[in-house]
């Protein structure tokens, strides 16, 4: 009962925020709407016993990524409103909406079919890497255990991803210099990463 | 049927996730500001996160929640690089929209 | 002696090869003498073979000599071999004989021609080919000669190729002949497919097509088909309706060529061939000989009427040749093979003579061929005139010249064929033709050798050219052949005098070959004599008539345009070939370019077009691309879901 | 060592100690070498104040690539040894089998060649710095991860490592607007498709309960063949719709990376705009890695569901073959032509994938290995010819090259003919093996379509050859022959081929021709490299 | 069926020799065209000598493959380097060996001689390979590889619209090969599945024990047939040929007509009749019809051509129609005639193209309308042209006739009415060639042609071997025929073998021969009177 209400409210916030992102003419408004959605999702994480994730969601997404967005918007001064009345690409918008709705449609059909055939949408094997509902352990501990056992390799290689992000940002943010000669490391514009 | 009879099953979350994913996808298709387009991608990734967590609970499996971490990291890395590309782009062509960068075609 | 047969064609071949490489070095007149020598050698060899054959009893007068296997392929075993029998020897004799004379004649006629030696190259090659045709022991060797003489004919007609007309005439001859060859080839295919052999008579392992044993197993249908197809070949080569077209044009060649190839020898190859395969004719349905006879008779009449109105000295002779060849086919159709061969031989004599005489006239008149500009020439070239007159009397069927005997025999055999009234009608056609022949030949003689010297009546404009035109008699090398042929034309009838069996030398000689197929004529001797006499008298009357018209100018000449234009047949065919025919070819070529190749290019353009449309989807807008991905995802999910349970 | 490290962590925690999985280091060495090499180069470039010696980073990258390959050799021996065989490591996240090792070689080879091409290119364009090499190496490590991933999440991460680095690589030439455009397009579309891919993983996870491919395969195996680990009733009814949708979405993600139609639209624009050496890398290593993932997931893990996905891979293959070939016909930019041709090649490899058999997989492996050298060679020539600014890539820029640069023109012609599938080049055998597999799977119409598309594509290759060899008129050619002055002046405008690029082209050339004559070694290797699903965990 | 390798790998040497020559050329300095030419000549003559050696070593009267050279190439796919020669390929090999040196001598590339000769040598190696290969895969490799050198030869040293012609040639042929490759792989795989043995591409192994259903064989045959039809070329896929011929340099035309067109007809025999006997018999009516269409259609279109080379090109279509007719007559005469005619056509059309090349060298035009009266100024060339032309027309005593006659004799046995039409081609051949000859050589030379130089000694020497062979084969073809015969008889026996082929080769209706023809020693078997 409570969960229904929570779900309903969160869903409204999430969807509303999502529409906000898409429909706001000013990118700053879009970013703020995104925050709303992210918060709504965090709430639903909590509702599904993913407390730690909810916290990370708020901190990393709302706290870092959206801030980064806003930072770039300000940096580039692109906070001008976008004219959403016109669509320069003929047919793009109706096609996008039809295509999107169709995509949603097939996704729903898939769920309905699965539900019809199997009485559940989650047909998978249960608790392959660890029981979520095991009361003996904290959620964080469970996550930590799985992260360092079953997903150890994945965890390790995320570091490569981050290195790439750093190098990539460095490369891209560097000013295009003259025809020849390399740019000194000290002169590089760097973008701070909030990790 | 009362509200009390209703149970929030994973299907609800899945449907919500699908809706969110769709909105994100449509957003990317209709918006011209590259930054907003990136936000739409974030919406899609969050929709997937929601789906993972929902499955995680339905399957009683920790794995689904752990995956969300990785998605977060990927999202962060993507945003960094994506914004880097936009910054580089906007420097030479301030105020460019996604439709403006279309010199190569055919 | 018989083993010498290979020498007969080998000598001209050697002559040809030597002249090809050394002809120019030998030069004039040595090359001509050499060629003549080779042809004369062939004649000598033929005589030797003839003597050898005479030595044998009649029933053994057949000898085959195989040089090597030519086309040994599976069941097909074609040898390069010679067949010596009375027929082939008879042919070879007059081919080499007349050939030698014409070689000799050519030495004079081709005097000072820049391509003197080349002419003899061709002549020797022709002699070789003709002898292969005659002596071949199977259809394919005959065909080798058959095509060879065709090619030589082409070379020689187009000998003075600088003039387009000559070149065209040569081409026309070759191609028209090829139409006939088509039939010849099909006949060979059919013979092989039906009997498994192309050889005439059994020889070692090779079964003979014409042997009774083989024939007995052939259906009448097949035999008729083979013979009929061969007849198509004969029609082409012997210039019968409807393929005679090339022969009048072939007069573009040097006159000795006309004499040798287009009168005496090559054109009679068809008659030889039909005689050779007479067993097939006899074995087949009877409508085929009748058809042959009809075509022969019609050709004879047709050509004779056309000859009435020709003014070119050689064209008259050409149509006359066509007409006489028609006679021979009438004989073939009537089953009178001996008569056909007889007429062939006498015709070779007198027509060769007439052509050579005409050549002498042309030579003496400095290449003038129009009879309207001749006249009274007998004073200037007496030998030519005299011999020409002998030939004239022979062809006109005047007793006792050779033509009388042979022509008479043909007419008798048509009359006496019996059966349907058709044969009587054919006889009548032949009879009328005989009268016409006497008439137009007289016309020619009178126009050329008698009357006013019209060549003096030149327009002043031509004075410069004609002032020194003085007809002159030819050199002795040209006259000797004339004389010899004149004699032969006169006495040639002695070969086969109808008085008694013992005087029918030719018939007796050919007995082993055609005896079984020759039709016996049951016309009483008295009737035969009567016919001969009447024909001869009426021919004489025709001559008189001609004299009234062309000598005494008492009567208006009847030379309708339709005759002069040969019933417009040639024009019609030419117009068709040059008009709709060429158009159709052109259309086909256009079809190839536009439709067939166009389809190919079309596919290419289609790909290009598709690409140019498809590339519009590649707009350059990243949002369009993303839409593509989204739609693709939708489609893929949709497709995958079709496999969902239920 | 690692175990000890994690052990320390565990002790400080309240919960029970975490039993970290054994890490089979030697199986990871090639990947680690690539990453370490990248980090070392990055560090060195950051430390050095002065401009480094020319080519030092390129040399370092090449050395790194070779070391990685060298360390892969014993690994190859191990996994192809019938007594030892393939296995999966680190909690089953990594598959150590011939398949992954094969791709290590292919990707490292691409790295080495691309680095050699990049050296001269970067100097010419005034871009010299270490970052490109670092990114190539890191991207390659992502590719290796993808190829050896036995877990969808690992595969996703590998894909992202590979891709994000590639986005940066595409946008690297900052002075070129086209390069930025390429980076932008690549990034937006890449991220978009990644989201689909991820969604697909989520659905597969929900439908099977795991992201581990081994477990997924066990789950997907119909009841009766392998003792089911889950409720047998579930699968007796067939694949759940959500699993199918997930598969479809995975296919979207892979389809994007391998440039399958209709997910191909980025390819021409990116290939045209991106710096040419990085295009060479993308067309070879990135494509190879993406195919590795596709093969591993579909052909291996979902082998028993092949009736579910085969028809749609079939459809993708047909569309890819035809669109790639047809659109290439009307292009005028050589890089764009090669881009479309790479789409066509992707279609060919999809034909091998579609066969869903060991033969199909091995043929795809052969194709990828052979194609790597062909395409690196082709783009290498373009990189050399494109001149300063990377601008001269239109067809006209190649006109008369046979006279100015006979050797380069000949080499390029061979690469092009190899791509067209002319015998006695590796490209022919690549096509042959793929067709063989396809026909063995009774997909005759597909095989025929592939060949017909090859005919259309041949037009494109020949157009370039025409431009190089046959553009001058007859008279011009004779003139040049006759007059040494003209010939000399023509030769004056010669292109300078950088040393390293020359070596790279030579290597690619030798490989292309060599495998064209003697494909046995590579064919056997690709056959040995066919992965199996149930590898024991080590 | 495959005998062990012979002691000397003569056939391998035959292929390797020109290839090595090309490699050597590539290493020579490009500034020395005369050395380049010499080296090219040495290697092509060497290959020619080797081909003569093959002829000398060939054991007369033994069917099957001689001088077999067998090495493993790609063992895992059952692909082998298997070479062998039998009566059917023997003279094509010799023809190739003879024609290449002549083509190299007969025309000057004018520019870039080094790559020109190198490509020619590569082409020679490829042509040898096609004729010698006894492995489906190997065959295909060579069949395809010859495209490349020819493409470059046309495109780089050709005339006029050469680029387009080269492209058309390449794509057209590749289009056909696409079908063949699919069919070829399918054959091997189905053979493997049908017999349960290992995968093999061995021609003899597959042909003698196909293990493939008859209906499937028909489809496979069609796949091969499309490739061969394009290469031959047959109507309606012939349109690449006139373009390629016209724009190709002289040597290219000579080789294209002389050797490369035979790849198609040879393929029909080796990979049509031998590999799929039943299907060949099944499709024989179609193939024969196409052949006959080619004969008449090619001739008609040739007649109206304004370009001398184009005319000869269309005449090739007609001639190759004859070869197809003979091949699919499925009789010993037809096939032997077909094989012989391949050689004949190579000689006569090769010679014709050389002659047209000589004319082009002098006048820089091939347009018939611009040539006139050449016989007057160049009688020797005219005579040579005439002889070659007569061979092409099919005059008895020259080689062309022997082939055509055998073909039609053979085809008449099984395809009577087709042959009747085909024989019309003989008339048409005379028409278009004589007309062309008349326009070019007859008449009075106009100003442009008055200075036309006579044939040079070198050119004459070049033509001499061709002319010698033209005459020799016309007069005494027995040495050739008796080497072809055992192989063809074996082929016929193979077709009639109920285990692999049709019971009756011509048994699809129509006319059965009234007399048995395929047995080695037939007699004039009696025809039953009805």
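The letters A, B, C, D and E name the chains in turn, as written, and every chain counts its residues from 1.
Just so it is clear, a contact is a pair of C-beta atoms (placed from the backbone, for glycine too) under 8 Å apart; a residue touches a chain by one contact, two chains touch by 3 or more.
Please read these numbers as outputs of a predicted model, since none were measured by experiment.
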{"item": "For chain B and chain D, chains touching each", "value": "A, C"}
{"item": "Per-chain Cα centre nearest the global Cα centre, belonging to chain", "value": "E"}
{"item": "Taking each chain's C-alpha mean as its centre, the one farthest from chain B", "value": "C"}
{"item": "Farthest-lying chain, centroid of Cα atoms versus that of chain A", "value": "C"}
{"item": "Selected pair, greater C-beta contact count between A-C and C-E", "value": "C-E"}
{"item": "Centre-to-centre distance between chain C and chain B (centres being mean Cα positions), rounded to whole Å", "value": "96"}
{"item": "Centre-to-centre distance between chain D and chain A (centres being mean Cα positions), rounded to whole Å", "value": "28"}
{"item": "Length of the line joining the C-alpha centres of chain B and chain E, rounded to whole Å", "value": "66"}
{"item": "Interchain centroid distance [CA atoms averaged], chain D/chain E, Å", "value": "43"}
{"item": "Shared-contact residues (touching 2 or more other chains) in chain A", "value": "89, 92, 95-96, 99-100, 103, 106-107, 109-111, 113-114, 117, 121-122, 124-129, 145, 150-151, 154, 158, 161, 164-165, 168, 171-172, 175-176"}
{"item": "Per-residue multi-chain contacts in chain D, two or more chains", "value": "153, 157, 160, 164, 167-168, 171, 174, 183-185, 188, 192, 203, 205-206, 209-210, 237-238, 240-241, 244-245, 268-269, 330, 459"}
{"item": "Residues within chain C bordering two or more other chains", "value": "615, 618-624, 626-627, 630-631, 633, 637, 641, 644-645"}
{"item": "Chains that touch, pairwise", "value": "A-B, A-C, A-D, B-C, B-D, C-D, C-E, D-E"}
{"item": "Parts of chain A lying in touch with chain C, wherever the complex brings them together", "value": "89, 92, 95-96, 99-100, 102-103, 106-107, 109-110, 113-114, 116-117"}
{"item": "Complex interface listing, chain E residues touching chain C", "value": "168, 172, 235-236, 238-240, 297, 300-301, 303-305, 331-333, 336-337, 373, 375-376, 390, 395-397, 401-402, 405-406, 408-409, 412-413, 416, 419-420, 423-424, 426-427, 430-431, 434-435, 438, 441-444, 475-478, 481-482, 485, 489, 511, 513-530"}
{"item": "Chain C-touching residues of chain D, taken from the complex the two chains share", "value": "184-185, 188-189, 192-193, 196, 237-241, 244-245, 247-249, 251-252, 255-256, 262-263, 265-266, 268-269, 307-309, 311-312, 315, 323, 326-330, 456, 459"}
{"item": "Chain C residues within the chain B interface of the complex", "value": "615, 618-623, 626-627, 630"}
{"item": "Chain C - residues contacting chain A, complex", "value": "619, 621, 623-624, 627, 630-631, 633-634, 637-638, 641, 644-646"}
